[in-house]
Structures are given as C-alpha cells and as structure tokens.
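Note sheet for the following structure.
Going in written order, the chains are labelled A, B, C and D, and every chain counts its residues from 1.
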Amino acid sequence: MSLIGNTTLTFSEEQAMLLDVAREFCRDKSPMTAVRAQLDSDRGFDQALWDKMVSLGWAGISLPESCGGSGLGVGALVPVIESMGRAMLGTPLISSALAGQLLLRAGDAQQTERLLPNIAAGVPATLALLDNGDWGDNGIGLILDDKRVLRGVKKCVPDASVADLFVVSVSFEGRAALAVVRADQLVAGALGPNALIDQTKRAANVDFSGVTVDEENIIVGPDVAIALRDVRLLGALLVAAEATGSAAACLDTIVDYLKTRKQFGKLIGSYQALKHPTVEILTATDSARSFIYHAATMVDDDVLDTDAEIACRMAKVQACQTLLYAGDRGIQFHGGMGFTYECDAQLYIRRAQWSQQQFGDVQHHRKRLAALLLG
Amino acid sequence: MSASEQELNEFRVEVAAWMKDNSPADPGFLLPQTFMEVGDERQLDFLRNWQHKIWSAGYLGMAWPKEYGGCGVEPIYQSIADKEMRRLAVPICFNVIGLGWAGPLINDIGSEEQKAKYLKGILNAEDVWCQGFSEPDHGSDLGNAQTRAVRDGDEYVLNGQKIWTTMGNFAKYMILLARTNPDSPRKYDGLSFFLSPMHVSGIDTRPIRKLTGEFGFTETFFTDARIPADSIMGEEGQGWKIAMKTLQYERGAEAGAAGGQSMVRMTVEDMISQLDGVRRDGAPVLEDPVVRDQVVEAIMEEKALFLGDRRARIGHLTTDYPGSLPLSHKLRGTEMTRRMRQLAINLQGAEGALYVGDDDARQGGFWQRAYLNSFSATIGGGTSQVQANIIAEHVLGLPK
Amino acid sequence: MSASEQELNEFRVEVAAWMKDNSPADPGFLLPQTFMEVGDERQLDFLRNWQHKIWSAGYLGMAWPKEYGGCGVEPIYQSIADKEMRRLAVPICFNVIGLGWAGPLINDIGSEEQKAKYLKGILNAEDVWCQGFSEPDHGSDLGNAQTRAVRDGDEYVLNGQKIWTTMGNFAKYMILLARTNPDSPRKYDGLSFFLSPMHVSGIDTRPIRKLTGEFGFTETFFTDARIPADSIMGEEGQGWKIAMKTLQYERGAEAGAAGGQSMVRMTVEDMISQLDGVRRDGAPVLEDPVVRDQVVEAIMEEKALFLGDRRARIGHLTTDYPGSLPLSHKLRGTEMTRRMRQLAINLQGAEGALYVGDDDARQGGFWQRAYLNSFSATIGGGTSQVQANIIAEHVLGLPK
Amino acid sequence: MSLIGNTTLTFSEEQAMLLDVAREFCRDKSPMTAVRAQLDSDRGFDQALWDKMVSLGWAGISLPESCGGSGLGVGALVPVIESMGRAMLGTPLISSALAGQLLLRAGDAQQTERLLPNIAAGVPATLALLDNGDWGDNGIGLILDDKRVLRGVKKCVPDASVADLFVVSVSFEGRAALAVVRADQLVAGALGPNALIDQTKRAANVDFSGVTVDEENIIVGPDVAIALRDVRLLGALLVAAEATGSAAACLDTIVDYLKTRKQFGKLIGSYQALKHPTVEILTATDSARSFIYHAATMVDDDVLDTDAEIACRMAKVQACQTLLYAGDRGIQFHGGMGFTYECDAQLYIRRAQWSQQQFGDVQHHRKRLAALLLG
C-alpha cells in the first residue's frame, strides 16, 4: 500500500478543545447577519471580534511558546480555520499564521524572537508571495537590491490593508530571500485594493518599490527556499481547511432548503435529482475533512516530509473540488432564490472561486501529486 | 420571390460595415451581458439609444410589417443582421421581452389596434416590456400561477405577486399570466394572458439584487390594480396555450422574433481568447496537456450543439426519439454554458479570484460575472432538473 | 490481558512466513476473484483444500471458541492474519457466507446444539453455506421477500424462489429469509430467519451465468420443501432484525467474522502495477499527463476511504451528520472500485479489448473480469441508487 | 467561430436509402437471437447473411464504380455500419471496407483494378496495422526484407480467420510500405485467435514470418504514409458509427426496462436517479450521431483535410465515451438482471471496451484534437 501511503489521522485533546470552542465561538459571534454586514466594509472584519479571537489565543496557536504562542503547531489551527470557514468568518488569521510560519521556518533566533511575539499577540501580519497570477512560476519578480531597496509589486496580498507586517518573498543577489516590511514603511498609495469575487476576503496589490528594508529584517540562506515551499503547502492546507468548513456550511444550507421548499406539491428534497447530488456533496465533504485532518496530523514545525507534502496537496485538491461542486449546486438547487444576492448560496460559490485560486488550484496540486506518487 | 445568394451576401457586408461604423465605444461603465441585468438608468439609456439606432438604420424588426415599424422583408435578412451583430460582438438589443416574446405574439394573433398601439414602441425602444410569468412559490411550476385577475366591468382587477420580472422597474408593459378562473378542473385552463400596463396604481415593483451583485430583475406586486379589460390576449382560459406560444418565438427571426442579440457573445472561442497571457508553471496555460484536454471537451460540447441543429433539419436522421434534439436544446445549451464559464475562471490562475471592478481582472471580470449569470438559464424557464424530466417523459416516454 | 505489541509482531511474521510457504501454486485454471464466482467442482475443490489448510494451521476462526473449531484468542490475531493474507495476495477463503454471516450469527445467538452442529464445518470448509435473501421481483427491496415458510407440526414448508444464491449448487446450508406471516401490518414483521438445509427434496437450484461468462450464483426454487422447525433462528417475526444483524459481521474479525479474504486484492496500486509495459504514443502510459491526472484521482479516492475509516473512530470529528462515514462506505467503496477498474481497462491500449483466455491479455484479463464483476457490488446488497436514498434520508434527513 | 469550424452536415438520398434498407435488414435478419447464436462460433457471423449483404452491394459501397463498387464514398457506409452496430451484427464489413480504402488510397491503378473488384464482390479482406498495443506508436515492427520476405507478427487483426486478403503495414527499406498477403500464403498456425471481450467480434494475432510477398503486391511511395493516416481516421469513423448504433440500441434496452420493471411498487423509470442519467445517454447519443454524420459529410475519396480529420476524431471520442457510459449504466440500471449473461446489457458494455480500443481511444484522439485546434 505504498501508494496510499501514510494514513495516520490523530486528533489531540487540544485540537478537540479548539474545535469545540471555535465552532461555538463562530456560531455565536459570526452569524450570517454579521458576515453580511462586513461584505462591503473596508477591512472585511470586525475589530472587536478579532480582539476576542486574539484573547482566545488563536493568533499564537501555531507559534512556539518561547515566542508567546501556544506551541501546538500548525495542525492545531486546522479545526479553528475549518470552523471559521463554516461561519464564513473572514479575518487576517490565515495570513497572520502563515506569515508567522514563514518567519519561524526561515528566520534566525534573533528574528523570530523579535518578530513573532507581536504576531502571537494579535498584530496582523501577512505574506506577499505572488508576482503574477501563476502559482507554478518559481521565479521571484520583486527585487531587493544591494542597497536593501525593494523594486516591484506583489499581487493579491491577502489582508494587506490591515497588516502591520509583510513577509515578502524577494530576489536578493539572484537568490530567494525574505524581506520583512512594516506597514509604515510603505509609500502612500502603495496599496491597490483588489475587488475579489469572495466579498468576505480582502487583498491588495502592494507596490513595495522604494522601501528600504532594515538589515535585520532580511532573511537569507538555504532555509528560505524550503520555508517558502513549506509555507505554500501550509497555505494550501489552511485554505483547504477553510474551504472544507465552507463546503460543510453550504451543504447545511442546501439540506435546510431541500427540507422546507416545495415544488409541484412535494418537498424538493424528495426528488432524487437533488437528493443524490446532495449525497455526493456530503461524501465529498467527508473526504475533504478526512484529508485536512490527516494533513493536520502530518505537519509540524520541522521541514515537511514527502508524506506531509502529499497530505497538504491532497487536502487542497479535495477541499476545493468539493466546494466548487457544492457552491455550484448550492445555487442551482435554490432555484430562483439561489440567483439572488440575498440567498447565502452566493457566498459559497464565491468563496469556492477564491479558495480554488489560493496557493495553486486543483490542477496545480494534482500535477505535483502525480510527480510525487508516480515519479 | 426570395433573395439571391448574392443579394444576401451584399446585405451581410452592408450590415457589417454599418455595425463597425456605428457600434458605440466602451461607455466606461459596466454594460449588461444580457437583458437580465439592466440595473440602472445609465445602462438603460445607453441601450435604448443603441437599439433605437439599429432600428433607425433598418436592422431590427426587418420581417415585421412596414406599417408597424418593420421593413417587411424576408426573415433571412434579419437572421443575417443578427448573426453579424453576434459576430461583431456589438452591445445587446435589450428590449427582449418585446422583441422576442410580446411583439411576435401581437403580430401573430393581435388585433389591428394592438399592433398599431404596441409594435413600433417595441422596436424603437420607447416602450420597455417585461414578463410576468414566474411566481415566488412556484418557480418551476408556471401552470400553477396564482396571481388573480377578476373581471369587473371594463376592467380586470389584479392581485398577487410575480417574480423575476426583467426590467420591471423600467417597463411600460408586461406580458402577464394570471388566473381568471380558480375553480377550473385543470389548473392550466384557469389561466389567461394579458398585455398589462405597468404604470397603474396598485402595481409596484421591487428590485431584486442578483448573486452577481447587480440588479436587473424585480418582484412585481399587484394590489387591486385595475387594467382595461381589452388588455387580454385571446379569450379567458387560453393563457397557458398563449404563454407556451410565446416561447416558440425565442428561436429567432424565422420564428417571428424581431431580431437583435439578447446577450453578449460568449463562445468557447471567446473563452479561449480570454486566456491570452495566462501562464501555468511558467508557460502559456494552453500548453498544459490537462488543460488542453479540458478545452477540447468544451469545444466538442459546443460543436455538438451546432451539429445537432444541423441534423435536426434532416428528417431521416431524426426518426429515433423525434423531438429529442429540439427538446433537449435548452438543457444542453445552458448546462454547457455553465460548465464552460466555470472552466473559464478555473483556468485563469490567481486572477480567477478577482471580480468586476478590479483592474487586474481578466476582461474586467467578464467570465466571473458570466459564470454567476449562467444560472439564470439553468434555473429560469424550467430548471435543468425539470428539463430532464420533460425530456425523459416526452421524448423517451418514461413514466412520470 | 491483551497481547503485547511484540507478540503481535512476532505473530505477523509467523503468519507471513506460513503463507509464503504454503500458498498454493497457480493451478493452471481460472481462479475466482471473489466467492461469487466459484463456477465448477475443480475451483471448489481447490478452494476447499486451501481453506482447510489455513484453518488447520490455526489462522481461521481464531477468535471463535476452541470447542467449536476456533482458537479462542483475541480478534486482533485474526485481523493480523487477514491483513497478511490480503497483503500477500493468497487465494481467497471461499466459504464467506458461513465465515462472515452465518457463523458469527450462530456464535452470537445460536443454541449450543446449533454451535456444535454448524461452526466447525464452516471453518474447515466441509459445509458450504449460501444465502437466500434476494428474490427475483424485489432486487433492492429485501423487506418485501415473498418466499413462504408455513409451520406444519415439526416442520416448516417452504415455497417460493430466491435468486443470487452464491454457490447454491454446492451449499449444504442456507441462511434464509422467508415470510411466516403474510398478514402482518408491517411487512418487515412477517419475516423469519432460517438455517435451512439445502439437500432436501423440493429445493432445487439452477446456475446463473454472469455477465463475465462465468458461473457462481444460482436461482433457488422451493416447492413444498420441508425443513425441521428448529431450523429457525430466534422467533417467528424476527427475521428482518436478524438479517440486518448478519450484515454487521461483514466488518471483520473484530465484529465477529471468522476471518479470511473473500476477494482477491485489487487496490489502485495493483491497478497501476498492471500498466507495467503499457505504452502510449511510444512512451510508458504513466508518463502521459492526462493519464497521470486520472490516476492521481483514483489514488485519492482510495486514500479518502482509508482516511475516512480512521476519522470515523474519532468522536469529535464525526459530529456532523453522524453515521455518514459508515453508512456511505458501501456506496463510496463500490463506486470507486467500479470506476477504478474501468480506468484499468481504458489505460491498457489495444489490449483493453482482450479478455480472459487470451495470452496477450494483461494479467489474463484480470481487470476486464474485475470491471464486469464490480457491478455485483454496486447492485447487490442495495444498488448504489438505493444506497444514496438511504444516506439522504437517514444521514441528511431528507424527505422520502 | 473558427474553433468550432466546419459544421456541414448533409445527408444524400443514397445515404437515406441505405439507412432505411440497412436498418430494416438488420432488424429483420439479425435479431438478438441470431446475434447470440454467433457469440461462441468460430467465424462470428453467418455466411448466408453476409452473402445477402454482399448482394445488397454493401461490400462495394465505398469503392469506385470502376472497381465494381457503387462509388458512393466511405461516408455512405456510415448509415450501414451504424445500423449494424445497432443490431450488434458482427461481420467483416468494416475490415473489408477499410482494407479496400487502404488499397484505393495507396495503390496504383494496376493494383486497385486487380484487387478491389474482389473486395467489392464480397471476398472478405482485412487490414493488419498493429505491431503492439499502442495506437500512438508510429513505428512499424513488421519487416519486409529485400527478398520480399516478411518477418514479424501483427496483433489483433480483425476478422483474420475469414479474410482472404490482408493489407499489411510493413517497414520496407526503412520506410512505411504496404504488403498485400493472400490467406493461402500464410503458414500453418500463423493465426492465433484472440479472446475478445466483445464476443460479437473476431480477431487474431497473425504471424506473417516467412511469407514471400508477390512483387506486384507491394505498395510503396509517399502515398502510403498518408493513406495509412487516412485509413486510421476512417477506421475511427466507422468504429464510431458502429458504437453510436450500439449506444442507441443500449439506450432502447434501458428505456424498455425502465418502462416495465417495478421496484418498491413503482416503475423504475419514474425514479430520477435512473431517468436523468438515461437522458444523458440520449443527449450523448444524439451528439454522437451528429458527429458521425458530420464526419461522413466531410470525408471523400481524396486525402482527408484538417476539417475531416477533426470530424473523424471527434466522432470517435464522442461515440466511444457515449457507449462506455451507456454500457456501464445499462448494466447498473438492469440491477440483478444486468449482472447476468442472459441480459443484453452485457453485449453493450463489452462492445464499449472493444470500440474504445480500436484505432485509438478517447484520450488518443483528444490529444490530437488539442494539437489540431489549439496548436
């Protein structure tokens, strides 16, 4: 069974507790009315809510205790992110956690001890990785020159407008490096907010040109490339966790409608044409949940091994496919109601497009899985 | 006497030239992809002007009688003009319910008075028309419409609610399906068909925001609204038959429609063109073998539909399950469209997450919007699921 | 006191060594892929000998009581032996209805007499068992079984017909679902469960040829067949409950089954291995990007099923729609299998058109036969369509 | 609309007549009982039936009048082959017609005038193209040496055991050439009959080693490679036509069962879980028919142009996909009955595997379509 490979799936007491707390928190504090209230807002989330999440320790879950975190590892974030996905709750948590992971994995002791406590304390951070629309392009377009000045733009930087800290992939002396940029270093007008299909999310193109990076905020060395690879995989995993939660919520929304809406004198849930695809959504969501918690089991603070890489990629593939299907059917099965902005189905179909395109789409990961599994 | 091949070709060239010369420049605001998303006055004015211009040039309602604003020529001319408009991707002719539904119906079975009153206004875009068929609780079940029309002297009194009224807030007239006899044993026999004025006390509309974020539909509420009794088409009880008749005209100029394009062209070729410059793993996305495979599938789906239309005209090749090709056309076409547009976004890479309003969005978010809009066709006019039932029962003869 | 990790590991090594030493050579004739295709005496004798040998070595019925032919050890030992048999792809233990259905049931709720009479013969393969649940007119509707059992003194008189009786022509006993009370208000309450002898006047079987061309099933006809009244399990009217109980045992030794593999191993890895040497466009087929994509999908489907089994054991991760994972396991597993086997043939190139009996056929036509056989699982035990209904209604709570 | 390209679809009076005659003939002369009677036979078809088909002129439909044919072109064969596919009637007609086409397209006047009249008169011929299981392998393994002696084996030669004439692709002086071999030239034991999944079909591995080819029966020159390419395309088209007929028959079989079989007290055809996939089979079959008659319109006796190539490949893709799906669902929807040899559904699912693997499978053609359409 070497192709199926590692099928470890464990769930710690800490994860269980986090799952319970997060689901309850999101259900109570982020009902759909609250989500909808943020759709047109600049920041995309409620600061007071974020503060509460921070006070629950979520910003530091995956950071070491020495840096003010809980030291539970990134796998412990999965139940939290899944719960947020379920509630369609957008905050900078994913961005911050990934920025933290990137610093943790690539930075030296001085850097991590200096920078991570802020992130653990809830100061939003983000990572700027994309030079263009191609997640499969390994080149880095943003240049850090020998005077430590940046030149170039990063695309679609998540939560850019609220981030205090940007961890930016740069090309430095012809090699991949990281630059840590504070928001106050950006020139006026550096942020060009994106219009995203998923209105619960925020991102911006960020022009870093002209920013001089503090010497202590430059991270170089062989770990950078590995950390970048790993954080993209962890990004895929967290997006997958979020998408899985959203798919589960979409399923609930569909099931509720199928149980209450009548057409031609019958509850529409009794028609197999709707019933059976809904079962497909259920089983696909089940698979997605299995994959994300398997991946959560496989990742830790070390360099990700092949099993972990496979697990993260599979989680991304399964979760995105599931949400793309669930979102699409969610609109269709709500009939005319599904065609309205008022119906929650639109939130899921939009989220599906977002999730699909973060950290590489289904095809991107399947191609790499083929290389990992089939040589 | 029909037009010669040469005459038609000359006409084609003429239309193309006119369209190229007269097609309006990008107005700098979002234009509707279909007549179902005319959301504000600015869009309405733009499209009204454009339709009026086409009509003035003589390229709309060409097969309709001269005395009512048409040109009185063979429908083939309109078909050619339609094709050129489509090919050149000019803006749409937005007054679709008038041009393709109400107008042809009035032409067919209307009185002289009705023709004189309505037809020209449809063509020159002065009178916007809307449609009142669907109701909130009976989305796929038109025959079950409950909006009441009660005869009271020279008037009918309307009460009830319609939904999915395209441009209900701009329309002067509505084609309305309402129940005149609630006690009729067959529910279909209790329905009647009206050409109802909209600007009447007791008729109110409320815009519906679509999942795309845009407007274009309304709900329409009837509260003791009184319309003239001669607004009825045909007799009481003939509503269902007449409503079904209007659906026939959708098939183009040859079937009686005035012409014009009701939606922006979005072929699989357009879908492929939008991928210009999109890269995957550092190379053009269309070089990726798996992407190529998906795109070939999409091309074949579209081609199959075209070929099916051709085959449908050959009697010998349609003896198995007659009616299969025309009856399945809507299901196949709309589902193909939905899949193709979803593919369009999937292939965009990170830009697929952008939307209308983003400078980086491919073609201004055209395909994102198009994908979301595609559900209007897989849901409206009978959901795909209902369509499959109809085909199963009417074509294959499977039990209900 | 449970076995230590080390003891279990030693046992694993011991079983593996024994299997390698004792697994029979290819007999030179077609061996069944599952217990559902034992078509002739030659195959039967071969499999009987093999099962007897495994049992004699102490690797079958390990958790069953010693006095009835078992070893009386913890089920974990049997699970280990089963896994090794699977891993080493030894021939199957064919007496599956006895080992996995009737035997565990008798162990659970049988009398001492029944245990003494039946259990050992199940393990040592002397007594072949079959199952009489399905009927010709109620394939997916077991609860509607119409075969009658009428009490007459010390006997029940059987009349009716069963279908899909595996090895009906070889079996000595049948687990039989028959109707003792046709007037019961709930159809399920009229059923009773029997351990019926097969070699009785009035019970006749007729082999059914499968779509693969092979045999293995029979129809079973009951014509005033008389069986002892004490053949009944439990009371009259408990048949449905007991039949549902037998389905639980399928889940392996921990659930009470005697053990042994009921089908030849066919994982996605085996599927990929069979493509060794297959070329497409002059290169190994597994280098084709589109093929790779399809194979990755198949691997993921299988892995998802494994992971689902793991997750199903974690209470916290199964609170949404509880029961979803176990209740959907059959649907997912059998549909995955069908698709994977179809893919196996599709990827073979021209050799995909060959079949069992052709020297050029890949692995003797193994995958062709396996694909055709896969429908026994997507149809038998409730079709996939019925399974989907069950999940929709019982897990999602959707209306019937 | 250049990607959709040519959508010509015409149907001549001759084709219409052939369709009428062929459908009636096949229905009357080849009921399922007759088909089943041939499943275990050596030849796979009834000689008397073949003679009748020959007397109707079918063996010569696509051959020029100068060679004893009707000169209607290969497109006129499509309605006949489709009708035979519908009746699951196996005969050497496809093999003979393609052998004829290969000779017609590659041979010189002397060769075609000598060889084609026999084929038109109903003497079965076949073509031997496959050196291994890979339709995408352009090399030719069978060697014709400078003494005109053959060395090698061709795989899965259709109708080999009844063919009087074999048109064989060979490598001659390092180039593709054709050798025409008479059955009586084969050494004893040269034929190794295949066991095919489709029991209505017959094929054999043919060992041509030791056969000395008559000089006049060797075809060389630049036309050979083109003719080989074209005949593979025509082969794809005829197999597609046959598969389309079989899919239509499979659909009929399913529809009949759905209208008569009851489960849980209702006709199973009323369940959407069966009804809607059956509609999919209908629309897929509709597409297949459109594609095969479009391709029939596009091919003629000349070298096939790009539009014709696209049409043939699309026909093959659509028809095979349709039959694979219809055959698979055909078994499933017949429930337990579908699992029996007695049920006709097994004939279609087996035919599906055969058709898929003749002249390249779905993936083979789609890959080439991508090159033709997308560059």
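Side notes on the structure shown:
Going forward, a contact is a pair of C-beta atoms (placed from the backbone, for glycine too) under 8 Å apart; a residue touches a chain by one contact, two chains touch by 3 or more.
No experiment lies behind these values; they were computed from the predicted model shown.
Two chain pairs, A-B and B-C, are compared here, and A-B has more C-beta pairs in contact (counted per touch definition above). Distance from the centre of chain A peaks at D, each centre being the average of the chain's Cα atoms. Remark: chain C and chain D have CA centroids separated by 40 Å (rounded to whole angstrom).
Separation between the centroids of chain A and chain D, computed from CA atoms only, is 52 Å. Distance between chain B and chain C, defined via averaged C-alpha coordinates, is recorded as 55 Å. Counting partner chains per residue, chain C has residues 288-290, 293, 385, 388-389 touching two or more of them.
Chain contacts: chain D has residues 271-273, 276, 363, 366-367 touching two or more partner chains. Every residue of chain B that touches chain A in the complex is listed here, in rising order: 134, 136-141, 144, 163-164, 208-213, 278-282, 288, 290-291, 338, 342, 345-346, 348-361, 365, 368, 372, 375-376, 378-380, 383-385, 388-389. On chain B, the positions that touch chain D within their shared complex are 87, 267-269, 272, 286, 289, 292-293, 295-297, 299-300, 302-304, 306-308, 310-311, 314, 316-317, 320-321, 324-325, 328, 331-332, 385, 388-389, 391-392, 395-400. Every residue of chain D that touches chain B in the complex is listed here, in rising order: 1-5, 7-11, 15-16, 19-20, 248, 255, 258-259, 266-267, 269-270, 272, 275-276, 278-279, 282-283, 286-287, 289-291, 293-294, 314, 317-318, 363, 366-367, 369-370, 373-374.
Contact residues of chain D toward chain A in the complex are 271-273, 276. On the side of chain C, the complex with chain B involves touching residues 288-290, 293.
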